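Structure record follows, encoded as structure tokens.
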Amino acid sequence: MSDKPRKFKGGVHPNDSKALSAGKPVQDAPLLDKYTVIIHQNIGAPPELVVKKGDVVKKGDLLAKASGFVSVPLHAPTSGTVSLIDKCPGPACVSVPAVTITADGEDAWGDCLEPIPDWPNTDPAILKQRVADAGIVGMGGAGFPSHVKLSPTKPIDTLILNGAECEPYLTADHRLMLEQAEDVVLGAAILARILGLKTAVIGVEENKPDAIAELKKLAGKYNVTVQSLHVNYPQGAEKQLIYALTGREVPIGGLPMDVGCVVQNVASAAAVAEAVLNGHPSIERITTVTGEPLVNPGNWRFRLGTPVSKAIEMAGGVSVQPAKLLLGGPMMGFAQNTLDVTVMKNTSGILLIPVETASQYTAEPCIRCGRCVEACPMDILPATISQAVENERFDWAAQLNVLACIECGSCSYICPSHRPLNQQFKRAKAEIMAARRKQQKK
Amino acid sequence: MADNILTITIGAILVNNFVLSKFLGICPFLGVSKKLKTALGMSGAVVFVMTLASLVTSLIYQFILSKSFSISGTVVNLTFLKILVFIVVIAALVQLVEIILQKFSPPLYQALGIFLPLITTNCAVLGAAELNVQAGRGVIESTVFGFCSALGFALALILFSSLREKLDLAKVPAPLQGTAIGLITAGILAMVFMGFSGLV
Amino acid sequence: MTIIITSLLFAAILGALLALIIGAAAKAFAVEIDPRIETVTDMLPGANCGGCGYAGCADFAKAIVGETVPPTQCPVSSPEDARRIAEYLGITAEEKEKAVAVVRCSGGRSTTLRSPYNGITDCRSAVVVAGGAKGCDYGCIGFGSCARACPFGAIEIRDGLAVVHPDLCVGCGKCVDTCPKNLIVLVPAFVDVHVYCNSPEKGPVKRKVCKTACIACRKCVKAADSAEQMNIKGFLVETNYSNPPLPDLVEKAGCPTTALRQASRHAAGEYEGVSK
Amino acid sequence: MSDTEPKAVQLPDATRLVVSNSPHIRGNDSISKVMAEVLIALLPAALAAVWFFGLHALRVMALCTLGCIAVEEIWNKCAKRPSSWKDGSAVVTGLLLAMNLSAGAPWWICILGSLLAIGLGKQIFGGLGYNPFNPALVARVALLIGFPQLMTSWVAPQPGAWTALDAMTGATPLGASGAAVATLKDLFIGNVGGCLGETSALALLIGGAFLIVRKRIKWQVPAAFIATVALISGLVHHVNPALTPPAIYHVFAGGLMIGAFFMATDMVTSPMTVNGALIFGVGCGLITSVIRIWGGYPEGVSFSILFMNALTPLIDRYTIGKPFGYIRIKKEAAQ
């Protein structure tokens, strides 16, 4: 592998604003008296609840079991009593089922999974089962069950760990790679063993030199390579990352395994190491709480089910009213309208955007400047598709390959007319998929 | 001869474009230009009809109509039948195109609708035949002229239809939507084609 | 004289020649079409609304002639029109009762919580962002996708709520598919009493976000003339459209949240949240 | 917030949190910024025009710019649309229109031109972004056809003389006797008769370079345009010197520079893709050369650009590239 990674086409360079929290070491969030854990935290089937109201659980006990292959179990973030099973605000501003656990304050571990210290000589299938049992998902944002990615149906020759963290503001992965480099590299080695590979590549954007240095120190020990990447949003998008590291293009509608790759987030890798070596399931994660309105932004290790209001309190509250509250980064994160939403396995950031920099859509006309075409990492024509969607011509939008869109938001970011391109494409994709489902039914 | 053909070609396609500088064939130009696909089909049909019509009419004119011959002592010259014969020939050709299209491309046949039979009365086709006679062109030159005029028609139609597809997406003020903005666009297009004047 | 004869002869020969060619071509490339399709197309309203599920009236006519659908499937034609088509084709057509659309939500801007929303003002686009940013997950978003889809101008957006005018609605059902919240249903046109709420949540949850939600208090069920006129489903009451209550039920029941309404008076703006 | 008592942790007000789609931040680009940069790029040419033609140039520019703004605003008022002159597009159109007029143009030509440019060229199609043709060129061509005499009588350049106004005849360096009309140096600096913007190639090159550096225009358009004109005129001159002056005259004289850098590159009316831009430039060059060398009009830049504007939807349609990851699908489907 060459030292210089490839540059993918397009992309944008937003002001990264990472300085707010990049220098802040990860703190363990204090134990709360209540956690509201959203049950469906993964892509795929929701897990099946195995506790009922009044049950006493220990930390790490099963709350819900996987209900199929593309599904992961959910574990209790602390010890206590199941006090309520009801709906709570979900990350998409729609209520979702959740389990509330009233903590007993002891935070005592239950019967955990058996640690596997001798993993280099353990059957990969057992390791893979461990990943599934620990409920690990893609912690970068998508929440796709990790063990599914580790069961490719096509030959794999490359394992990539995604440490790009190209979203502005977010520093959770950066701090993780810096402070828990050993876990990340170990996780990479375990994942490589599961896939039957000798080695893995960790891709990190070159604006995190300290993390790269830290990882490189350990890389040799576990036969893992660390590759610095150009700073260019969306460097951390799966397809762009694979291209940058291997030069392969994942086909539209295809998966990384179609080009012999498996991509895992670095936080997921660290969770894998934790699950294999200590037998701890995925019940906590590092999340960046940041944004200019916050008094004291930083990085925290939160239990699942921590309400956003508590997280903001830990960050010292706000000095001014923010325009938006986001889960995730500013480019692809989800806007929230309540502080009651809770931290999930894929919540990489809790972000408050000030009024001055929050994007405001207007209906200014497209001047066909073509900057979106330049910025599009998937090389489609956002301006033309936008016109098609505006006129509800979804067949045309499909012809223009709107389904290739990865919703990275680069086009909306760059547009001088401030057009809501990304929203239009989301709608178009939804409409096209709905139409196809309808057709299939017929 | 070669030079002449080149002049005819450029003249018919650009300088004296049937639609945009002679303003012939405006009916299908406006009628079938809403979609690029139907415009392409119409263009094909017009090229076919106009080329053949020019060939056949000029053959008939050269070898029958313009000749004077005597039958039982009376000198007969059938030139006065020109328009009648031309129209009959064109109508027959259009009928042929219609039958063939209906068989091989029913969607296009549907899309062209009434404008297909109307090629019969498309003044561009008759105009080409008539202009050939006026200019005293030979059979080959007539055919080339017919073909190139049709190409000019096709060029204008295709350009115009792609513009109209674009205008469909534009926020044109309500009173000007549809044919009105189409005619305005055609006017600007005609101005543009004036730039070619003086080439031949 | 010679000239006339020669001209006639020439024209005749030319005509015969061309006729021969065309005749041969017509034979060689013959296409059969059913002339009935055109007649039926002419008998249809020609609105091309697509309410029948086909791409325009001509397409629908083809389907009728092919006897895959009954002519009554056209929501715009009157029963007499459908009967005439059926008679022409010699098929039987069952009567279909006139339907009308109802938007099962009464949560306008003044009665239901909403977050500030910044984006495309179109329901189907808004729903991809935070489910439309309304306090109630099930309620009308009010950006008027249905109103724009209605070929008859029967839906009005009033204070952020879609309101159907029953007298303008022909029941074509175009709006039904547009609503991303699946709020719109087609019901028999003669029924006037509907529950303008679609949220399956528990009463207190609904009340927290909406003043006019159905809280399943059963007042209307009790006030109804017979037990089956209003049905309870979970935390929601529904009109039984096969045994509908009379319009005076609204007065008699005295719905505490005004979720039970008369369609005509709802459209006239006589209830909370929809006043003009 | 008071400083005396210990500050309680303040949480954001959830009811005021705006819900919107990602991305939640955006670049600081805007239409008015784009237009402002185009205006800056036009500044050298405008200054050059004032230097050579004095206050008359200033008068024409002011009339056209104000005329365009006025027409835009009156239209907006009548059509009940929000005011839009502040986005700067009308100012750019006005200035470009002025660049296409002679310093001696009477006031009513300027106003009529504004009306044609904004009314016929832009607003009739729905305003900014929807016009298929370059508005300033629509006005210029309409005026050229309507008032050929007025539109081709130029004013002699008088560097530094502020108020002098000497009419001169319409001999153009693009005629067969091009070299006799002006020296190459004069052509480059701009010391020749012509429209305001047609004169100083140097000033236009500076402005064009600025736009290219700022990535406001696609360099492929002017490059392909100028190269094609140079190639064709050079070849024709080589074969038959009596027909047309050498390529260098074609490049620096007339409206080629302003056309290539400022008119053909108009975003709204030119193709969006890079390949499309190349085709567009070559097409413009081809038609310009043909009209200049063989046509009835002395100058073909405006006609060629408008013609290619009309072709733009087609070019756009057929130059759509293959998206990332597309080739592999095809291959796999074939297998």
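The letters A, B, C and D name the chains in turn, as written, and every chain counts its residues from 1.
To be clear about the criterion, a residue touches a chain if its C-beta (ideal position, glycine included) is under 8 Å from a C-beta of that chain, and two chains touch if they have at least 3 such contacts.
As the structure is a prediction and not an experimental result, all values here were calculated from the model.
Enquirer: Quick one: point me to the chain whose Cα centre is farthest from that of chain A.
Expert: So the chain farthest away from chain A turns out to be B.
Enquirer: Go ahead and note the Å separation of the Cα centroids belonging to chain A and chain C.
Expert: 42
Enquirer: State, to the nearest whole Å, the distance from the C-alpha centre of chain A to the C-alpha centre of chain D.
Expert: Distance between chain centres, rounded to whole Å: 46 Å.
Enquirer: Just how far, in Å, is the C-alpha centre of chain B from the one of chain A?
Expert: About 62 Å, centre to centre.
Enquirer: Going by the contact rule already set, what residues in chain C reach two or more other chains?
Expert: 115, 118-119, 128-130, 133
Enquirer: Counting only residues that touch at least 2 other chains, which ones in chain B make the list?
Expert: 169, 171
Enquirer: Indicate the residues of chain A shared as contacts by at least two other chains.
Expert: 93, 334-337, 361, 365, 420, 423, 426
Enquirer: Based on the touch definition given at the start, go ahead and assign the chain network to line, ring, star, complete or other.
Expert: Shape of the chain contacts: complete, all pairs touching.
Enquirer: Can you list the residues on chain C that touch chain A in the complex?
Expert: 115, 118-120, 124-125, 128-131, 133, 137, 201, 205
Enquirer: Which positions of chain D touch chain B when the two form their complex?
Expert: Checking each residue of chain D against chain B gives 79, 120, 123-127, 130, 132-133, 138, 141-142, 145, 287, 290-291, 294-297, 300, 302-304, 306-307, 310-311, 313-314, 317.
Enquirer: Show which residues of chain D lie in contact with chain A when the two form their complex.
Expert: 1, 8-27, 29-31, 33-34, 87, 89, 126-130, 216, 218, 267-268, 270, 272-273, 316, 320-329, 332
Enquirer: Under the stated contact criterion, what part of chain B meets chain C in this complex?
Expert: Residues 60, 64, 71-74, 76, 78, 81, 84-85, 88-89, 92, 95-96, 99-100, 102-104, 106.
Enquirer: State the interface residues of chain A toward chain C in the complex, per the touch definition above.
Expert: Residues in contact with chain C: 87, 92-95, 334-337, 360-361, 420, 423-424, 426-427, 430-431.
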